[in-house]
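Have a look at these structures, which come just after this line.
There are two complexes below, and they share chain A, which is joined by chain B in the first and by chain C in the second.
The block that comes next holds the complex of A and B.
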């Protein structure tokens, strides 16, 4: 019941959020120099002419006042229509479905790999804290955390594609082709997660109840799996949730390097092309995903830590 | 920049470890028959088949720098890639020597009054569905193009009439000498408009290949057109991967995942040159021009003259590592309308010009006049290597005592070109769109044109442009174009820096991938061979 109330409250909150972010995004695209007509006509470096530019702007409706353009877009969204791409005239929904699906797959696989790697490494590091494994993992996590994804991707390509010839450079959606994009995103993320998980587990392990359990003769592994993991999981969920949202919109560099046609690449191209219809569609998707992830995070938080009351928290 | 630097470092490492040797491999460009003056014809096109009529088969894997959301050749610039994919053909094509060569057309002839063009189609041209191309279908295509593509809406003003099954005429309100050049644009590709069900995903065209699978803005797969009208098609098909990242492209090439790419960067060129047995590198000065506008509204004549005497195109080209050819004028020096001259780099003459105009060196070693330091605002955008051009220019000007600062914008058309707020404005565009100089000169030098933003004003130039607009004799057109460009050079209104090279890299003996053409849109053909 409480969860139901929370979901209803969130849906109400999301409406002003949508209006606010789409208005701001539309405004930003509008005031940025250049427009979709100019970008479209000059995309291959052919000289522009004012006459053709004016005619194209008229045809695209770009000569209308800002508020009319935004209003048109906004009310068509209310009718369930995200509009048409200014670049190629395709329906925005059609244009976004496939890339969004691909990015969700990429982000989900990345998240799964990152969680498995970082949780396992953090668990054994804490179990053998200050030991050799712990020290090595801290250095490795520091390196992964410091290296940008594109550097990791080029290094992975060099060693795994060129030297070992185990994977293709071109992702092209195949299972084998997914390995390098996923690793390029997962390794830096694992570095960040490892440090977070390790620190949460160490904090939990220093609590008095752990000392009591030890005094009662429980083994370290039992305490770790039985109590510490559960205690440390709750704070970690927020970070994981936010990281998933970031992956959906922030994997553009990796998508470009591996020729993986995801939503991030589509959004970047749309921004360059001043294709506000696609940019707005992307923003709506991101807002929805972030809201859903936050909602799931809060629900999971309350499940993992019953002391937290979902209807009393100030979200 | 940081991203690029990182990638370059990683690739340099790759190159150093993986490859040795440094010999280039640049075969001679092919030749094409000159189209002549106002009448062109070709009776040999159907003879360009493999002697034994056999097909070697195989699939070519290539990288494409762009990928569009539609294959409809009449929309936007989609035809540029349809032509590259070997799917579409126009009535005429551009030869390697910038001449217009008949393709689907047999000939194009202008009437004595210069107002009517008569186009005769070849007898044996068929679409991939086996239907034959006739004059009625050709006219329908031109009408459709004019209707759906703003850039060609001027064809609405022309009257088109079918004379017989293979002949049609185009009548223009004024003399229109560049009709055949227009008909050679990829956008003038012929589609079977009556029998195409999905123009965006599967247009029925006349090229040696037809679409097999199409992913909007992604991978495109083509297969052999069994009904190809112009003889044997060597390959079974080709796959084009949309690849934007240069490092990924070079690794895919090294890995053998792709066998062909165009637009190689300087680091890729270095990499491939190191292994000439595996990679063939073809470099052709192409049509994309880097140039700058000198603002006559803010700069004295002597300052503009000094800038042009100081900027060293050879030095800039060397910094760009073989991706450009230093320019004298806006067009390739190989073309008839590329015969212009400009003064050699001469820093002493430049400083003498400045000093003659009252500029003196101040304590900081920079020129000033009336107590005000000369500080040029160089505007550029970070694309087409203009960032490198701007930095090298700033360095060269600084060495000669001219202070300058750089202003980078994301969109030049909406910023410094729109406001005129610059001293030197860098820009890049296609100067030679289809073998004729009028389009570029009219766009940049004509009073009131889109790029008329630097205060260049010449009655003589306007008069010559009017003559060029209506002149039908190609040699006279070249003469007029050379005179016009020379006026712009002598006036120091512009500086033409370099023409981008079209650099094609082919692996393991692949040939016939448009490697000798200076135009970006030619690639896969019936003659493309895997060389195995």
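The block that comes next holds the complex of A and C.
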């Protein structure tokens, strides 16, 4: 009952936040040095003259006051219209849909691989704490945690593509081509997850009820699968939600390296073409996905752990 | 065996003296290593065995040799010299990022926590907004639109970076501002500024330093990452991230040009991450 009210409040909170997100995204491109009209004309191969430039600025609505331009953009965003690419004139939304889908596939696979790897490893590490497996995993996770995704991907490329020639250097969407991008993203993420999951489980294990269960003669494995996992589930969900942000940023790098045609690659190409509208769309989509994921994790958290009052957030 | 391990958990709360001693020894070693890295990064540009920017058509993609310790890249430049010359940009860039975000966040967090009111609400809403963007996504867009360069990269990462410290310091200040000794200071006529500087900041310094140290490794990864994408430090200037990016095209013929900066990043980030872990463990 109470939880339902909290969830409703949390959903309402996202409205002002979303207005803020669109405002900041718009501002980002608005204050960028460079003239969109000039960029559009030069990419169309039109000879620049002051008259044409003025006419284009008028047509693109660049002469209107800031707040009018923002308002206009804000409402078109809700119609699913993110403007037109300055490079080829195509609607940004059309340009983004297919790459976005590919990035979702990449991100989901990465998330699945990281969760399976790190959760299994953390589980056995905690079960046999300070044992051989635990020690080895702690070192490995530390190493992966200290290696940036681009370093891992370059190393993987060197050993698996060039030395062994087992995988293609360019990821064109085939199953084999997905292996390296997914691994490059999943290894650092698993390193981080392992450390966080392990400490969450250890914290849960040190609570008095675990000692009580032990006194009643329950086996370690029973306590682990029954209570510890349930107790640690809520914090784990938050960790996973926050990791989506890292994943969205990391996929820009990895997609660029493997020429994977996702939204990150599109954004990097747009940055080098100075195609502001696409960059704007990219930032907005990432922020939207990220805040929706966080909304879901908050809701899941309050369902799993009703003690948490989401309206009295402690900063 | 495992049962024994589980029951040990209950005594974990209080950190034992011997554990503290090992942590301290570890801390000294890591501070020493970090100091070496900082010094190397500081003087790296002046102790290069060869000119890091000298293009030599006769020495292209040469394997490591006594003259060129880590070999040469596809322009015939000495990789070892470039790694040394680039260390300063990566490490000091990260240091500047960490210090500036920590200082900004601490000031804003203290003001928010101490005074509260409308200013607090506004700043907290801004941090909420910043946290709605994935940090690296916003940084890539800002640095990319701003046209690259180390300062733009630091600025782009700093836009969201300060929120971490702001929130931590704010909650810390809010919990100590009603302590009796603060009240006593106020009754004895201390100004707000004096209370903040003399009694509140020293109490928050620990949290800030611990978090700043743990952010060093990540900041190095971010700055090198932006440079790798070509929107941080620009080629031909040597920086680890952009060196990897430049050399990966010819990785088949000159792998050392990629592996050397990779190893440099790995060693540096490991030292700083390990230092961060140790500092955090000690603070607990």
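Definition applied: the second predicted complex is superposed on the first by the 236 of 315 C-alpha atoms of A that agree within 3 Å, B and C clash if a C-alpha of one lies under 4 Å from a C-alpha of the other, contacts with A are read in each partner's own complex, and residues count from 1 in each chain.
Going forward, contacts are C-beta pairs under 8 Å (C-beta built on N, C-alpha and C of every residue); 3 or more make two chains touch, one makes a residue touch a chain.
Bear in mind that the values here come from a model prediction, so they are computed numbers and not experimental data.
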| item | value |
| --- | --- |
| Which superposed partner A:139 touches (first chain B, second chain C, both, neither) | neither |
| Chain B versus chain C as contact partner of A:214, first or second or both or neither | second |
| Partner chain(s) touched by A:175 [first = chain B, second = chain C, both, neither] | neither |
| Touching partner for A:164 - first (chain B), second (chain C), both, neither | neither |
| Touching partner for A:29 - first (chain B), second (chain C), both, neither | second |
| Which superposed partner A:21 touches (first chain B, second chain C, both, neither) | second |
| Which superposed partner A:12 touches (first chain B, second chain C, both, neither) | neither |
| First, second, both or neither for A:253, with chain B first and chain C second | both |
| Footprint overlap on chain A, comparing chain B with chain C | 32-33, 148, 150-151, 154-155, 157-158, 162, 253, 256-257 |
| Chain C contact footprint on chain A (complex, rising order) | 16-17, 20-21, 24, 28-29, 32-33, 127-131, 142-143, 145-151, 154-155, 157-158, 162, 202, 205-206, 210-211, 214, 220, 244-246, 248-250, 252-253, 256-257, 267-268, 271-272, 274, 276, 279, 282-283, 286-287, 290-291, 294, 314-315 |
| Chain A partner contacts - residues on chain B that touch it in the complex | 3, 6-7, 10-11, 13-14, 18, 68-70, 75-77, 80, 150-151, 153, 215-219, 241-245, 247-248, 251-252, 254-255, 257-258, 288, 384, 409-411, 413-415, 418, 428-430, 433, 439-440, 443-444, 449-451, 520 |
| In the complex, chain A residues that touch chain B | 32-35, 38-50, 52-53, 55-56, 59, 85, 87-88, 90, 95, 148, 150-151, 154-155, 157-158, 161-162, 165, 168-170, 172, 253, 256-259, 261, 266, 269 |
| Of all residues in chain C, those that touch chain A in their complex | 1-3, 5-10, 12-13, 124-125, 127-129, 132-142, 144-147, 167, 170-171, 217, 221, 224-225, 228-231, 241, 244, 248, 251-252, 255, 258-259, 262, 265-266, 269-270, 273-274 |
